[in-house]
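You will see chain A twice below: alongside chain B first, and alongside chain C after that.
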Partner chain A sequence: MPYLSLTEEDKKAFLHQIGVRSFSELIASIPQSLRDPKVSIPEALSEPEVQGLITRLGGKNTTTKDFLSFLGAGSYEHFIPAALVEIISRQEFLTAYTPYQPEASQGTLQAIYEYQSLMTELTGLAVSNASHYDGATSLAEAALVALKHTDRSRVLVARSVHPHYRETIRTYLAGTPYVLEEFGFDAGGSFNRQEFLEKLDGNVAGVIFQTPNFFGVVEDLEGMSEKIRANGSVMILTGDPLSFAIFRTPGEWGADIAAGEGQPLGLPMSFGGPYLGYFVTSQALMRRIPGRLAGLTQDADGKRAFCLTLQAREQHIRRERAGSNICSNQALCALAACSYMTLLGKQGIREVAEINCDRASYLRSQISKLKNFEVETSQTIFNEFRVKSKKPFAKVEEKMKAWKIFPGVALQPFYPELKDQFLVCATETKSKEDLDRFVEALEKC
Partner chain B sequence: MLISSDDRLSFEKSRPGRRGVDLPKERFCAADPLGNVPQNLKRQGPALFPEMSEPEVVRHFINLSRKNFSVDTHFYPLGSCTMKYNPKVNEWAARQEKFTALHPLQSQETTQGMLEILWGLEESLKEISGMDRFTMQPAAGAHGELTGMMLVRAYHASRGDAHRTKVLVPDSSHGTNPASAALLGYHVVEVKSNSHGCVDLEDLKRHLDEHVACLMLTNPNTLGLFEKNILEITRLVHEKGGLLYYDGANLNPLLGIARPGDMGFDIIHINLHKTFSTPHGGGGPGSGPVGVKKHLVPFLPSPLVGKTKDGYVWEKRSPQSVGRVKSFHGNIGVIIRAYAYLRSIGREGLRQVSEAAILNANYLRVKLKDTFCVAVNDPCLHEFVLNLSAFGAQGVHAGDIGKRLLDLGFHAPTVHFPLVVAEALMIEPTETETQETLDQFVSAMKQIAREIETDPAIVKNAPHTLPVRRPNDVLAARKPILSYRDMVREKVLAAEVAA
Partner chain C sequence: MNFPENLRYTKTHEWIVAQGVKVKVGVTEYAQKEISDVVFVELPKKGLVVQQGKTAAVVESVKAAFDIYAPASGKVTDANTTLEGNPGLVNQSPYGDGWMFELELSNPAELNTLMTAQQYGEFIHQSAKH
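Our next item is the complex of A and B:
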């Protein structure tokens, strides 16, 4: 095996130097009855065979490069700069450990620091952590922060928040004294203001909105932060971070925490991961942030240096008294997002968001002209919107196969009442011909 | 100078008008869709991102990368972290567009190759660990632990066993263990270690009662020693109705040698980024699949992949499932790497990996034992711990020795852990290092021992050759400066004070 360096001669010499007669003496503490289990896994393959196998397995997939894809719903197809791929392929980043030894990790630490800086700029909030697992877990941690910060027992969440995120929060809270309660949405998919206000009472620790929400609607949250603050609750916003380049940011809406999915910032869809959970808060919540933080300091010679900081919050110091059990972050994904935001820069980040809005808006207006489909989202959108098919959606999907098109994500599995409705996403990756071909295909089905 | 001394942030290299990427100019809408958007929905002020050309951005990050140690440049004898070589065919596999361009909500018919990998990796992990089923959702070891604790709670609740409120954790355990249990509201009770760093059976019995929900155990433990009473421990806990959780952080020496499932563990998490060779990425992404025995299968997060005569499918959710612990299906890129690794090493490679890991650790232990005090100088498995308190007389701590090693071209071992050993230095060489590298490490350690005798200041003030030396973490925590804006604000304030 090419990954091992000890030859048979080395092994014999090692045993001799260690002072044992046989390898089994080294594992004498393992009870005999446990030793040498039968382990049936496939036999070893050489590298060319592994490459052949992976290629064959890949060939059984039909990807968003094989089909024209309008799938979104929390995982988005975006342009990824070639320079980004080269940067994150640097083995000094890829094969490094967590930067607990700052002298040996200034590269990773400065990159995290820059990521944190970029995320505070993008979200309009004060303090970002070094990243979290993904959107769902990041939001679940935000709910926990709100519960601990307020010492209250209920979290309110809009039903227009991504279904996986709501389910994950529910999983995290199951069996605890804490309760997750939902408030609904209106016919257009905006959150139900009245229902929300009725549920906002003295037991509410935190409130979670998504904007743009799961249906693509850019929510109007006017007046919400004042109400939530007056109630003593924590306001948590989630949403596509790319949209914050043009739409009102969590900070500008008065949110205390922005937590969600960072995948649109330069990470491939990769069937759902690894992604990147962003977690950004107001100054007031700094010491409650879960996970790692990189900070600026000076070294022993007065030079600028970066290190992990506020570690007293974390599990390796506080053990059972830690606010969160988080150990790893998604450092390499944060590096990807950092490179993405740096490459796009001040102008580019805005432009790419504008192009998303342009592509989706164009597609929406074209689909709205079709007689067999109704656009259900009339509000401001970013890159997604909701469509109702007059024919069963499963049939539409089936017909689209001949066109090599993934038409969108069916909504009924998540919202039983939204029969034959689907979510359509169009990003900067789509050309006018792509969009027109999709409209033509829909028209003919 | 080989490594750039430029420590400016990207923001400080920015110049208005520069850009790193060009984007399409054409707009498809006749009128700008943002034109009609109400003002209150729009972003009010710009995001002050840096403005840099592509070559500048690339040079910026490549120069940063050169300020890092990494497995591909340095030996990392980092105990409990298993910093083995990350095979490049794994990277090649994970980057194939046939996987990266898959959307997670595509139909199962269009993702058969992907599902086959998920299924195949699960099958192999089942065999290796002796468990009955795995979920691939957890994104990291700590996330796996949290998932495991959810399973513990769901299991006891399903039996109407609501009075189990305690989770037992050895005092030598990783910090994530107590933190994960506490997050679910469990009362964490520490079990003492004996002089061998193993579970003190008498202390365990004292704490064992009908309130115990679970014992979380790392085996081999954080001293690299196998719990030789493991069968007794699992029997005692089971007798009291508790479950056993296996922290898979130290699985590397047991491949093909012994299986947690056979030891009596009910739940296990596996760190694919340790034993199964996927890169650490500077702190993630990892992957922490959780495996269970039959009686806990109904509680696993859903969905799971199944194999039918018509191909691979997402199975229907069990009514008792704890639910989702993450969006979508797990850290797929990491899972593909681990799959490629297992197909490369194969059945016969498993034992070779663990044997070499054990041999390398014992070789280092024996080479170092005359100069340094080994906490427990018995044959170890994949790692061992030095007790460096003897150097206290010269004012040298374990951490100082770690810093000095950086000067000599080695990443520091794990320092000041486990907590049960004073001045601990925890060393795990892994199977992928050569004898030559191990010998160089031994020489470096011996040189440091001599330096402590002759000129301890060299060690106490190390490192001397790296871009920075001993960043002041007290200052960093007292006055947190966590972003470029914080930094600018600090500068302005300092200038005002000076004026």
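Our next item is the complex of A and C:
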């Protein structure tokens, strides 16, 4: 039996209501040639044939296993411990969502609770949610929190914040009275302090910085939180969470919200997703946090129990008055991040971060010796920096690909003024030999 | 249930002091029982201009969040910030220390559109039957 039936009479009533006599009249504006097109679907295949086909198709992909990759720009290649994969593959855990009737799944809730606890420690802030879909969504939600919290209309964002994140925020704000306004960066890629301070006025709900920023620069945010607080605005920081292990945390910079991409915490690049949005705030913004939160409580017998908490403002309760339309999280990805942080431990995370810093710094100094390339980033970096090629970058990229090397991400598509510049990333996955091989290859370009 | 005579009441269970230009607003004893344990109150900012029947505050319990509507139009001149640290006052003393905000009425005649204590008592009684 169909769940909802659609009788001929129903159809007639619908058509009558719209004001047309028949279905063909309803679709009259669609050209005849587009109606009822012939779809040529090949003959059905057997299972082994399908497997063969899919394997061949999959083989067309080029991954960082096949190429020596210096790609970054928001998606990073890191070593993932085998134990992590085992943990998240356990059938008790292997679900993408927080379960419905969540309290029945104490293990899942405990894992989320632990993920949250680890994220508060890593960011230096008080309250973490159970995660968002990805960094861009998370940052856009942070912008909404600032707008609602301050009842103001503008959000300032550094142009050195990931272009995709800015685009996502713009999409979120489309059709609302809210405005996203950018402030620029200087020649080295650090945010333009003067321009920022000029734009910080009484209408500014929130300010968004990224550190390390899109160009890899670890920003100097000294004095910013005081200025932003005095202005009554919310300070939002985004950035690679691994870097927080060795640089100042968002909490230490005085941020109200840390929101961004959690992929570096044990998630594979996997062509762009699924990833993980982290979202952590100060105590004061606790009740504005969108999405789910796992809490620790006691059951009727006084035993430790985990529950979802602070849900009163979520959309399944508050409907259109909810602060956000997000009502789920990336439970499996959050579990992966939780496992990654736990397996590495406090010291391990610090060491991985230090190796990233060392490898990238070594590579930067080697590239700076090349005559056809100029390093554009002189500031402190984490695992990424900007390079300008004296020859067209497209040519460099082409040669490199022939040698099975991804040299980095071209910047011109995002910043037209950064012609022939590219972003080079070196994580702990690159050995000294890898780095030297890359530099030799660049020399031959 | 206690519905003081000096107040006027809305169908959405807010009360407002019936006399004066600057008057306090809160929720009724019936409302606080329905909401159950209040864990958070989001108060309006001073200076906010509110319209009768429009949202002015939000009260949150463990299970849900409820809009609190302005019983009359006016400007918010004060808010009970004690509730930020002690939201339970809404349950303990809905007509006293649990008040929410103070309104400077722009049209005091609007109070005539509200219910008296007796009318509100009957309204609750009728609602309970359904």
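Criterion: the second predicted complex is superposed on the first by the 388 of 445 C-alpha atoms of A that agree within 3 Å, B and C clash if a C-alpha of one lies under 4 Å from a C-alpha of the other, contacts with A are read in each partner's own complex, and residues count from 1 in each chain.
The rule we apply is simple: contacts are C-beta pairs under 8 Å (C-beta built on N, C-alpha and C of every residue); 3 or more make two chains touch, one makes a residue touch a chain.
Only a predicted model underlies this, so the values are computations on that prediction, with no experimental measurement involved.
Asks: Identify the partner contact of A:A73: answer first if only chain B is touched, second if only chain C is, both if each is, neither if none is.
Replies: Touch partner of A:A73: chain B, not chain C.
Asks: Residues of chain A touched: more by chain B or chain C?
Replies: B
Asks: Looking at the overlay, does A:F279 come into contact with chain B only (first), chain C only (second), both, or neither?
Replies: Neither partner.
Asks: Where does A:D151 make contact in the superposed view: on chain B (first), on chain C (second), on both, or on neither?
Replies: After superposing on A, A:D151 lies in contact with chain C but is clear of chain B.
Asks: Applying the touch criterion given at the start, work out whether A:R321 contacts chain B, chain C, both or neither, answering first, second, both or neither.
Replies: Touch partners of A:R321: chain B and chain C.
Asks: In the superposed arrangement, does A:A312 touch chain B (first), chain C (second), both or neither?
Replies: both
Asks: Just to be sure I read the superposition right, which of the two partners does A:V20 touch: chain B = first, chain C = second, or both, or neither?
Replies: Touch status of A:V20: first partner only.
Asks: Across the two complexes, find the residues of chain A that touch chain B and also touch chain C.
Replies: In chain A, positions 312, 317-318, 321 sit in both the chain B and chain C interfaces.
Asks: Touching chain A in the complex: which residues of chain C?
Replies: So the residues of chain C touching chain A come out as 39-40, 42, 45, 60-65, 67.
Asks: Using the touch definition from the top, list the residues of chain A that touch chain C in their complex.
Replies: The touching residues are 151, 287, 312-313, 317-318, 321.
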